[in-house]
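What follows is a pair of complexes built around chain A, which joins chain B in one and chain C in the other.
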Partner chain A sequence: MSAMRVDAKVVMLGKESVGKTSLVERYVHHRFLVGPYQNTIGAAFVAKPIQVGDKVITLGIWDTAGSERYEAMSRIYYRGARAAVVCYGKSTLGKYNKNTIKSKRCYRQVKCKSESIGAQYFETSSKTGKNVGKFYWQLVVSAVPSEAFVSLEETGVDLDQKKDSYFYTCCHNN
Partner chain B sequence: MDGESRNATVPWDNAMLSPVDRLRSDRADSPTPGLVEGTEPGAVQRSAIFYHAQSYEDLTAEAENEAQRAPEPDRPQGHNEDEIDALVGEKSVERRLNNDPSSESSTKEEDVSSEAWRSHKKHVFVLSEAGKPIYTRYGTEEALSSTMGVMMALVSFVEAEKNIIRSIHADGCKVVFLTKSPLVLVGVSKTGQSDKELLRELQYIYYQIVSLLTLTQLNHIFQHKQNYDLRRLLAGSEYLTDNLLRRLERDPGLLLSAVTCLPLASSARDVVSSSLQAAKAKNLVFSILLAGDRLVTLVRKKDQFLHHIDLHLVFNLVGSSSSFREGEGWTPICLPKFNTAGFFHAHISYLEPASELCLILVSTDREDFFNMSECKQRFMERLSKRSAYQAMKEALKCPSYSVEQVGIPELRHFLYKSKSSGLYTSPEFPEVYQSDEEQERLMGLYQDLHSCLHHPTRPLRYFYRCSETENLLARLTSGFELYLCFSPLATKALAVSAVDKLLKWIRKEEDRFFILSPLTY
Partner chain C sequence: MSQRTERRGIHVDQSDLLCKKGCGYYGNAAWQGLCSKCWREEYQRVRQKQIQDDWALAEKLQREEEEAYASSHSVRDPQSAAGHAALAPFSKFEEKKTNEKTRKVTTVKKFFSPSSRTSSKKESPEGKTPSPSISRHASFDTDQVSKDFVEFLKNLHKPGREIHKQCRAFLMNMSSKKDLGADELSECVQDFYQSLADRLTGHFKGSSESVEQVMDQVEKYIMTRLYKSVFCPETTDDEKKDLAIQHRIRALHWVTIQMLCVSMDEEIPEVSENVLKAITDVIEMDSKRVPRDKLACITRCSKHIFSAIRITKNEPASADDFLPALIYIVLKANPPRLQSNIQYITRFCNPSRLMTGEDGYYFTNLCCAVAFIEKLDAQSLNLSPEEFERYMSGQASPRFSSSDGDWPDGAQGVGVAVTNPALAQLNHNLELLSGLCSRQEAVMEAAQSLQADLLSWSESVQREVRDILEKYPLEIKSSKVSAIDTNNVDNENLPSPIKPQVFAG
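Right after this comes the complex of A and B.
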């Protein structure tokens, strides 16, 4: 018996309580859990099957804990990942930048930074679901090996990604 | 031990799941049931699941050795020079029902100079040897930095004289210190519990912290930076400690150093166990199936034992967090009673999304996630083919039983622990103990009895206590520990005769309440 078949490994990264788990919850279970904040312990693995054309592709999402305590473990989650999603929270950013102008500048900085390393930038809301579907679709397109798309993309669009993909996402969890 | 040597002579066939009939009838006919360890109702028929399951003393021995000697209030004053033991007031026998305003969410924002903060019946503080706050049960650590500084000053002051501060007794309040380098734990209690009991609770908190970080890492951090703020590494884990403290007040298992099982027909439990046994892997050390706060079964690697403290830490981790409901959890966990130096890696997942059944697979290898995930799949496949899964789901609908089933008049509640298996059983709380306050009060009474039975210098075998609200009987033998709670109308004669009757009833039901044939792989 073989281990679970995963077509693309995706790792969620970011400081604690920015909303990594919420973003996964919204995508996988289409819900937003209200209630007291619960931090992730260690990491949680979710396999999400996606219909792409006539194929089913399985995305293996590693939702890692943000706490510094688990940093030593992070290597095993990065390894072999097709995509890394770096999350930050609008509210956490705001905390350090009470001044609105400063905070706006900060967003620009994040956006610039993400562009400079060749990452794609998304603003999403796990609460309303805004942009979440779009974001994950982009993720799938970039992270899943192009062979999986062959039947879909017979016209020959080159989706081959040699290097890992990076995504910057801003989670509005309020 | 008598029972052990007899067990050893019985030729056990490892491939067999059900116990040999001859032995079973031997056990039932034992002339003095429960007086000898290994013959009491609920005793395991093979090697025990737990390491050190035998007695409470085993558990606290280490704490006492480290504290060198337990404080003995009755010793002549002259011998107590090396202890700060200003014993003021006497121990209140009946625990006062404290008006504890513990609204769980607001406890952290509490004003530490307020009367409400002072009036909590039990405070717990953890600090580093540099006096830096690490944890407080109520209020914020920042607001308490000077208080914790004073605590550390007290510890250091006594240490400078080559002594150890253990407790301060004053004004109906006990302050207990536990130095576990590089941490210092301080408990401030108005509950009337003995120093020994309080120390035991602090010990649990210490192990909780070690389970997150390992002792090796703790030592390493503080060797490099004495004034390190450990809260950075513990961020987000405070609620685990909060919950553990709540469990210490409410969970008989922590008091008895035992765990309780989901009542389940032994045929069904044996199938679940053997399915887990079959789903083994090279680095798998323990497979634990929980139903809420109850153990369904535990399969372990041969010669590896799980200590019940470690199991309680696992219960606390799983019970405190909804995190494992999101997917398959994979987390490093140190089991401090097994090894304080290293991490195990636990695969934690529920059998079904809304199920109470949670499977924990403990591996030695951090890369083992998919192997463990596969073990779970194999277990599920095996299980779903059998009727045992359905039986387990049925059993979950009534995870407890009512005391009326025992048929002893005036009996309201009891705790029974089989020492050789480290498992206990207890009925659900009856009508009179439905409120949280009443349940905590009853637990407090049991704690008092427990303290008396396990008194460091004058341990007792029988203890009977009458009060306006209930009559209590505690009984301790080398085989079992029993606490009975009767209505105030019960007589002593009735209570004493109830012991035998109850033991017989438990013997009759032991197949359901206990894991009689634990498996290994």
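Right after this comes the complex of A and C.
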């Protein structure tokens, strides 16, 4: 049971088939599975231990259902989360923006938006693993503030000191 | 009247039919031989006495229990005051129950025995006995848990004693706070967890594993003891919510696996086995007392759902598959006291487990599933509002009216078969039966043609024989009939025939 102990909760948000699970899968298992439908990869909950200095911090990564019909419920998932990762796929945006100029504008919009809410923006590829490690490391650093490294071990996750971090990630699977 | 009864051979004296109080009215056997007016008076009196008796008995039992508790745990006073307060509603309920019982007994018994009044009084303490025995039985579990807890703490030596002392003090403190609302109770328990965990962390020098271990045991011990008073308490509307969600799920019985876009194929035996296990697990949750055990039930249920999806899709499941499947399982299981259980876990579970760990993840999903079921509308099932209304009102059922053509996906025929495994089985069996039927018909036909063949064959044989006989008629030479040896050439060489000899008598 104690193996299930988790220091920081991270929720993955984003529409269906955007590659949330792929991103987790790439990070945790260092693999990228190719299938006809990409959203079926990996388990929904993953506990990932990370070596931080001489301590081991365990990230609890929560996958969420991206379908619109569950949008009203997503609030329930945020509770007690240290960080939220908002995923969107370049390919999904591309659907509406056929030419690159618009696509670039869209990218800028996302970047602007992420800056305006104090989020960090990463462009990652679950297929090649590009930026994934960097992204997660930044996630760990932000979700588990360095001064909390000491106190975390003693008190567990303190909800009052919640410092939410938002991440925008961009996954291109091709 | 008396004449008629005498004719039947049963003697009933006129005076027996009158009210026993002698008021001149006729009495009734159901009212212990009293008239309605006297019975009401009498009944009130007995009732009053009963209330008093019950009260006294309840008090006595309570005292006994306290003494037993005090002698086994060597703690005593603060509980008694709180205990009386808590007892009041219980004994009132008990008294109502016994009154019902005695009345029933008298009405039935009166027909057979004239002295039912005394018997009814004897009955009352008997009717009383089940309740203490039940409470004693329930406390047996609790005692077992306490014993285990003490055993566990023994291994910790000195801190173990300290923990035990704190837990007991906390329980006593809680028993005096029974009137508080659920949220305040929850806060008390959570504060206790927090402060104890802090102290333990200090003691174990940051070994979170040992802290977790102790906290699990503490949670088990405390919540087993508090369960009765804090699960679905009267101060909340948990019970109302339970009933609401139960009715809601019942009203949604028509929701199919396709409407929820669940990727589980119950046609596959392994999948349906996992689905059944998941349903059993989520129902079992209600039977557990400790929040952690309840969570474990949810986790087991979820794992079975994951297996079912993995078998169906041949790939590990993601949250996009899992949540709809869990909703489907909850709809199928309609777990008892669902809201109460969720509230109980939220209020009294150790938060570090609930918030972030795997158990917490599945529990959150269950909460989501319940929220979804509560808010579910036509849009969330990809139905038109009219269809949704028709299904909800029971005017139509997707399983039977799918031929209407309003179905969102094209393959209705398959959908209906998949919808209900029992129905699918039935269809399959019917197909088999009709196959057998046609085969039997074929066999019958073949048999009949064989019979016809046999008949025609024998006829043809006869005809052939006749033909041959006609063609080669049998010629019988009459001369041969006279003697067999007429034309025997060597007649003379043969010895003369033996002549019969006659012997004299």
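Everything below uses one rule, namely that the second predicted complex is superposed on the first by the 145 of 174 C-alpha atoms of A that agree within 3 Å, B and C clash if a C-alpha of one lies under 4 Å from a C-alpha of the other, contacts with A are read in each partner's own complex, and residues count from 1 in each chain.
One rule holds in what follows: a contact is a pair of C-beta atoms (placed from the backbone, for glycine too) under 8 Å apart; a residue touches a chain by one contact, two chains touch by 3 or more.
No experiment lies behind these values; they were computed from the predicted model shown.
J.: In the overlay, answer first, second, both or neither for which of chain B and chain C A:E16 touches.
T.: both
J.: Pick one for A:Y70: touches chain B only (first), chain C only (second), both, or neither.
T.: Both partners.
J.: Mind working out whether A:G80 is in touch with chain B, chain C, both or neither, as first, second, both or neither?
T.: Once the two structures are laid over each other on A, A:G80 reaches chain C alone.
J.: Who does A:A8 touch here: chain B (first), chain C (second), both, or neither?
T.: Only chain C is touched by A:A8; chain B is not.
J.: Just checking: does A:F45 make contact with chain B only, chain C only, both, or neither of them? Give me first, second, both or neither.
T.: both
J.: In the overlay, work out which of chain B or chain C sits against more residues of chain A.
T.: So, of the two partners, C touches more residues of chain A.
J.: What residues on chain A does chain C touch that chain B touches too?
T.: In chain A, positions 1, 4, 16-17, 21, 39-45, 63, 65-67, 69-70, 72-73, 76 sit in both the chain B and chain C interfaces.
J.: Would you mind writing out the residues of chain B in touch with chain A in their complex?
T.: 105, 212-213, 232-237, 317, 321-324, 326-332, 346, 366-367, 369-371, 373-374, 377-378
J.: Going by the contact rule at the top, pick out the chain A residues touching chain B in the complex.
T.: 1, 3-4, 16-17, 21, 24-25, 28, 36, 38-46, 61, 63, 65-70, 72-73, 76
J.: List the residues on chain A that touch chain C in their complex, please.
T.: For chain A paired with chain C, touching residues are 1-2, 4-9, 16-17, 20-21, 33, 35, 39-45, 47, 60, 62-67, 69-70, 72-73, 76-77, 79-80, 153-157, 159.
J.: Report the residues of chain C in contact with chain A in the complex, numbered from low to high.
T.: Where chain C meets chain A, its residues are 197-198, 201-202, 206, 208-209, 212-213, 216, 261, 306, 313, 315-324, 351-353, 355-362, 364-365, 367-368, 371-372, 375, 379-380.
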